[in-house]
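Sending over a structure as structure tokens; questions will come in a sec.
The chains carry the letters A, B, C, D and E, assigned in the order they are written, with residues numbered from 1 in each.
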Amino acid sequence: MQEMMKKRAKELLASGEVTRVIGWKKNEFDYDITPAVFTSAEEIDRDFIYDDFCGVNLSKFTFQHQKNDTKTLVFLKPCDSYSMTQLITEHRVDRNALYIIGVPSYGKIDVEKIKADGVTGILSITSEGGDVHVHTLYGDKTYAKYEVTSERCLNCKSKMHPTYDELIGFEGEVMETERFDEVAKLEAMTPEERFEFWRGELSRCIRCNACRNACPACTCETCIFDNNDSGVAQKAAADSFEENMFHIIRAFHVAGRCTDCGECSRVCPQHIPLHLLNRKFISDINKFYGDYQAGAEIGQRAPLVNFTKEDVEPDIVAKGGKA
Amino acid sequence: MLKILRENLDQLFALIAEKETLYIPTDATSGIAQFKKWEAGMKMSEKLKTSRSAKDFFFPQTEDLVSFKTNGRKIDIIDPRTETEDFVIFGVRACDAKSFTILDRVFLVDPVDTYYKNRREHGTVVTLACSKPAETCFCTTFGIDPTEPAGDVSAWLTEDALYIKAVTEKGTAFVESVKAIAEESDETAVEAQKAATKQILDKLPIKNLKTEAFGGGKTETYFKSEEWAKLSEACLGCGTCTFVCPTCQCYDIRDFDTGHGIDRFRCWDSCMYSDFTKMAHGNPRLSQKERFRQRFMHKLVYFPENNEGIFGCVGCGRCVEKCPISMNIVKVMRTLAKEEEGK
Amino acid sequence: MNNNLKEEIIRTSGVNVLKCMRCGKCSGTCPSYGEMEYHPHQFVYMVEKGEIDKLMDSPSIYKCLSCFACVERCPRGVEPAKIVEAVRLAATRRQGGNHLTAEEIPCIVDDDTPGQLLVSAFRKYKK
Amino acid sequence: MQKIGVFVCHCGTNIAGTVDVKAVAEALGKEPGVVFSAEYPYMCSEAGQNLIKNAIKDYGLTGIVVCSCSPRMHEATFRKTAAAAGLNSYMVEIANIREQCSWIHKDIKVATEKAIVLGRTAIAKVALNTPLTASSSPVVKRALVIGGGIAGIQTALDIADAGYEVDIVEKEPTIGGKMAQIDKTFPTLDCAACILTPKMVDCAQNEKIHIYSYSEVESVKGFVGNFTVSIKKKARYVDETKCTGCGLCTEKCPMKKTPNLFNLGLDNRSAIYIPFAQAIPKVATIDADYCNMLKNGKCGVCSKVCAAGAIDYKQKDQIIEEKYGAIVVATGFNPIKLDGYDEFAYNESPDVVTSLELERLMNAAGPNGGTLLRPSDKTHPKTIVFVQCVGSRDTTDCGKPYCSKICCMYTAKHAMLIRDKYPDTEVYVFYIDVRTPGKNFDEFYRRAVEEYGVHYIKGMVGKVMPQPDGKLLVRAADLIMNEQVMINADMVVLAAAIEPDKTARPLATMLTASMDTNDFFTEAHPKLRPVESPTAGIFLSGVCQGPKDIPETVAQASAAAAKVIGLLAKDKLLSNPCVAHSDENLCNGCSSCERVCPYGAISYVDKEFRMPDRTTKIRRVASVNAAVCQGCGACTVACPSGAMDLSGFSNKQIMAEVDAICR
Amino acid sequence: MSMNEFKPKIVAFCCNWCSYAGADLAGTNRLNYPADVKIIRVPCSCRVNPLFILRAFQRGADGVILCGCHPGDCHYTTGNYYARRRMTLLFSMLDYLGIEKERTRVEWVSAAEGAKFATVMNDFVKTVTELGENKRLEDLRCKK
């Protein structure tokens, strides 16, 4: 796969069809991957990588590095492709300036899961078939891949690429998932339990803004939380209220636009399950207004800028979600 | 050196907590360690380090500086400062312990930051030697010996016992206070652990990172480097690296309107944020590249220039682990040093 | 009025009988109309009223050819033939025992035949 | 810092009876920013207003708060007071301490406390008010009516009658629309042409009315009071100014096999044609698809016979740009295509016709000169079956979910006319419901049944089967007899559902007027503003807004005209200054605001921005047309970046109010 | 503070065209409801940003109610439909975070429904009073 991608990237660069390539770059450790812009075959040969650790969603990176006077090749996993489609819908990227190659993703490894298992001193990780071998200073360990696959990949919503110019590998399908199970579990708790749960999680927030800055839906020119003129700007959560406020509004602003790519949870240094907030909105939208997948198609009308006359009333919440 | 059996750790904690507030690293729900106020039954984390550094104890993320209260058209000024209670932080690693001395150089020099000083004076730091360093560790690069941590009291945890040794005066008092449940011991077990750890340190992947290329006087060398653009390319501009960093010390002062008046507080700032050093006229750092450069130039050049060659990094590896796009000081140092070498 | 049975018919057929506006196009189009005691539009109405037993006992439901003309022409998408099928199914269940096992079907069916047509036909002719 | 004045009204005892007004004035006087505070028995009285005016002048007030009755009562009064004293009228806030305080609370202490809170909330808001000026825009005293059917004609006549210029744009060569094709009208049975053609002539003769026939709207720019519309005059290859409408060309034209669209293709006409005798404008048009001269360059007969020299084969489409103050949409309807209904054999047998086709078959100017003959063999039909609700109230893909409203009545009319003229003809009407609300409507229907012996059968036709002998076997249900009936008919008439004209959808996009899922234009309010589109300056007339019959259409047409006249009568439009505005530096151009705007007030422009790193970047940003925005604020919440805000109800103002209440 | 003395702070956002007029009508008809309710006039229910609701809780409100025209009767035709979706999702999220769902409410009150306005407010104040002080979404700094 990686070799085919490199080959195509070099071909397209050589033909002049594109002048830049956006992909993943390898680093110090097997598991740390950086998104990068490549402009030459040498760079691609040296640094380009596509493996089970390339979890970074390139759509946000592409958004930040877009250039409209030249064409850029960007490799997108299914998740990234949904995010990109949403960005195109919102006129945040110029589709014409992109040459999109869809690449499959067979589930990305979450190194935090390995570390959470007490493994440290990792010198290398190799993924072979269904096994993941971890070589460390303190001994070796092998995991079945599913054990260390990231939560978002285990609950993959789709292996399709809503937007692409060409595909490498076969096009996948929309998947049946159990991604709302965690949400349902929380919904089944008492309000007191939920309050305790979220307080426990959100109180760890250090307001580093990684969730926001990594999110492909958060592309505001200036975020209201950074805008001193908005009246709600915060730089640090000086009170537990502000922790709640930031996360509620962050999720609300991407409600109906969030494609559930899971970057927010991936980047959180404090391991706050932020995707459970976004998924709550997705689950509610599906339940109240019919199934909707953001980024499934260019030009979709997001549920929060839409309505039907028969929409459920807000008191559905007081009635416990039952109309 | 005192020895306290592992099974007596709870007893030790209880003993400390009787007199002072005690903080220990403990595991949070989703698999990260954090310092928490000790309560009966709380277990110490087995993890190498907490995901946030220990700087919070002396330099918390937010801190009220002064309040203004309005009463009709009258404004009262309220100073919220009170004498801090004594507290103990237990289980600080060598890197974080070193970071306090770096922060001291910022906050305790004239003009002294009384808020910081107040906390620093009342805190007792009990460090804990490392025995299982992670692949992201590179404290040795900055001359730190993780087997011989500083602080007020140094401690070593072996299979069966905790060994403690006072380092400072404050530490002596602390050791004295826990003598009841300890026994005198020689250093054999500790030495054995140190030797074993040192062997591992030799195998760490980043052990060969060198600081020679950096230090005061190198501003001209690196400021205009071509490499910054590429290094900062993927930077999201989030504050993760700065907020998990034990030595980052920038803060912003803000006002909060409570409805009854104003709370003036300070909170950590991050040089990665687009509004960092934004002033009335605008922002002298125009792009992420410049902000990114600031962070590393500060740690590697400006700080040592003003502080007798001491670097603003302790090699704890948190930024290496936490950066969402895997960019960190290690890569910056390697890239710049290589470029310099190549010239 | 048999509400349980009504629920069952509505559930198995998946038909919303309340969509019917009583135009009678189903009956106007039904080729078996003359042989029926109750007619397609009445099927729908009887389900709405919960008069399932009456319907189930009537030979009319076996007169339906499952030609789906009523489904095709209904302006409201009510699908009366599916109701008939559901009532037949309920009748079969009530009698107990299936008259054809699933394994027997593949060898006697050619690939192009719609499955539901066969199943309906079997139910009809086993009478 | 604002200098705020507070004025507490006693309203006699209405307020002072339960609120300690002195205490309120005193407490509010201590609020930050307040430099003057007073109470007075009747603030709205002349003396009270003078008190305010003097305080504004004496204390140099920059904002005032009046604690009094509901702003719905006297906000306008106090705004004028402020303006009279030289203070911007939007620097006034009202604290409603009567309806929402003194009148609902009995305890003086409680009511006084609440009044103070309401007062300080208003102070907090007014401190953030900014002077606003209603922008005014001139009104072009000319209206455009799109569609020249009875709706458009009536609207145009009424507007012209009030003395304003009106242009009618009609896509066909003549105005008249569907009504011109109809034979008789219910429930009076007078001939449609007899009542329509005089109105058409009025249009043609009215100096204020200009008809662009054979023309279409190409683009619309601008906003209420000031639209710029491009109209495409399609080439008709005849100079309208020269043609006398003598009709000699149509007689001499050799291409006689051109389908006569006016008769719905039931007969033929020549390639150069005048749609019907009373056409307005009465000028010929060449059908380019059939004219041999235009297709092959051979012929030229019409040019030779035309004494006026009006024929111009080289004519091109012409674009005319015109300015209007108001636009009326009267695009009308068409019967739906019946391709999806195989069961009625419409495409199989010529003797299965739609009701509109029947109108032509029965019309004296129709293909058979008014004698009802079967299209297939030109014999008198002896049995005719009418089928109601063909495609109406049909939730499948080929139909329409709504009731077409007019079919019940015109079918009764057809049945009655046939029975009257040909008493030996049996007429069956298959219906689901007969809907006859309307003056003299039910009586009309009963006459068809009782006097004319039309057979009304409750039930629907399931299938129409053409027989080898030319008959049509109709199978239907008779739900009341509970039997299936078979009728051997000579003709079947289908009451096809009506749908908005296909040109309506693109037009709606040009006008940024909203439409429902069925492509009917949406009215600004279903009850209170039924002839206006939510987009200011766009009005609705006739079936484009929903199915309706002629009297209703005419009524709505006149109503729309009244609204237009009301608008054109103004010299300039003062717009509400409390409208949305977008901060371009914050705008992402994501279109969220545009999607929730009910008025189409938001558009996007690409703008060049100087970035912090001194590069420039072109970004798509929203821009609000203040003349069109009505100030609802939907966009302000849809906007994730907070770029959109609403003057008069800004985010900061509302948050300040929240803060003041919760303090 | 004992429960009997607890006076909740209630912020009511009312749309100018229906609900604010409904509140006026309640006043005109002298229909009593607790003084704890303070009304903020907004042009339309769709003007109410979730931020305002959170802000109210931050500043010490114990309940927030949003009143607008009945669906289908919006002065701006569609505003309350958007408000309905926004509030449904926001309330659901607050509930998900364990914040008492009884503290937030949306009611459709027409200009003619003065009696309904008073009934709704009486009921809402009662519900919030029973819940007691807002603790889960408070900002301690604002309570000093």
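Rule of thumb we're sticking to: a contact is a pair of C-beta atoms (placed from the backbone, for glycine too) under 8 Å apart; a residue touches a chain by one contact, two chains touch by 3 or more.
Every value quoted in this text rests on a predicted model; they were computed, and no experiment measured them.
Listed by label, the chains that touch chain B and also chain D are A, E. Farthest from chain A, judged by the mean position of CA atoms in each chain, is C.
A count of C-beta contacts for the chain pairs A-D and A-B puts A-B on top. If each chain is reduced to the centroid of its CA atoms, chain A and chain E end up 36 Å from each other. Rounded to whole angstrom, the centroid-to-centroid distance between chain B and chain E, based on C-alpha atoms, equals 46 Å. Separating the CA-averaged centres of chain B and chain C is a span of 75 Å.
Chain B has residues 256, 259-260, 263, 274 in contact with two or more other chains. Multi-chain contact residues of chain A (touching two or more other chains): 224, 231, 238, 304-306. Residue positions 50-51, 55, 59-60, 72, 78, 82, 86, 141-142 of chain E are each in touch with at least two other chains. Applying the touch definition to all chain combinations yields A-B, A-D, A-E, B-D, B-E, C-D, D-E. The touching residues of chain A, counted against chain E in their complex, run 183, 186-187, 191-199, 224, 231-232, 238-242, 244-245, 248-249, 251-252, 255, 277, 280-281, 284-285, 288-289, 303-309, 311-318, 321. On chain A, the positions that touch chain B within their shared complex are 27-29, 32-37, 56, 60-61, 65, 112, 115-116, 118, 120-123, 136-138, 200-201, 204, 206-210, 212-214, 226, 235-238, 263, 266-267, 269-273. Residues 68, 90-92, 219-224, 227, 230-231, 253-254, 301-302, 304-306 of chain A touch chain D in their complex.
Against chain D, the residues of chain E that register as touching in their complex are 9, 11, 16, 20-21, 23-28, 30-33, 35, 38-44, 46-52, 55-56, 59-61, 72-73, 75-79, 82, 86, 118, 142.
Residues of chain B that touch chain D in their complex: 70, 72-73, 257, 259-260, 274, 282-283, 286-287.
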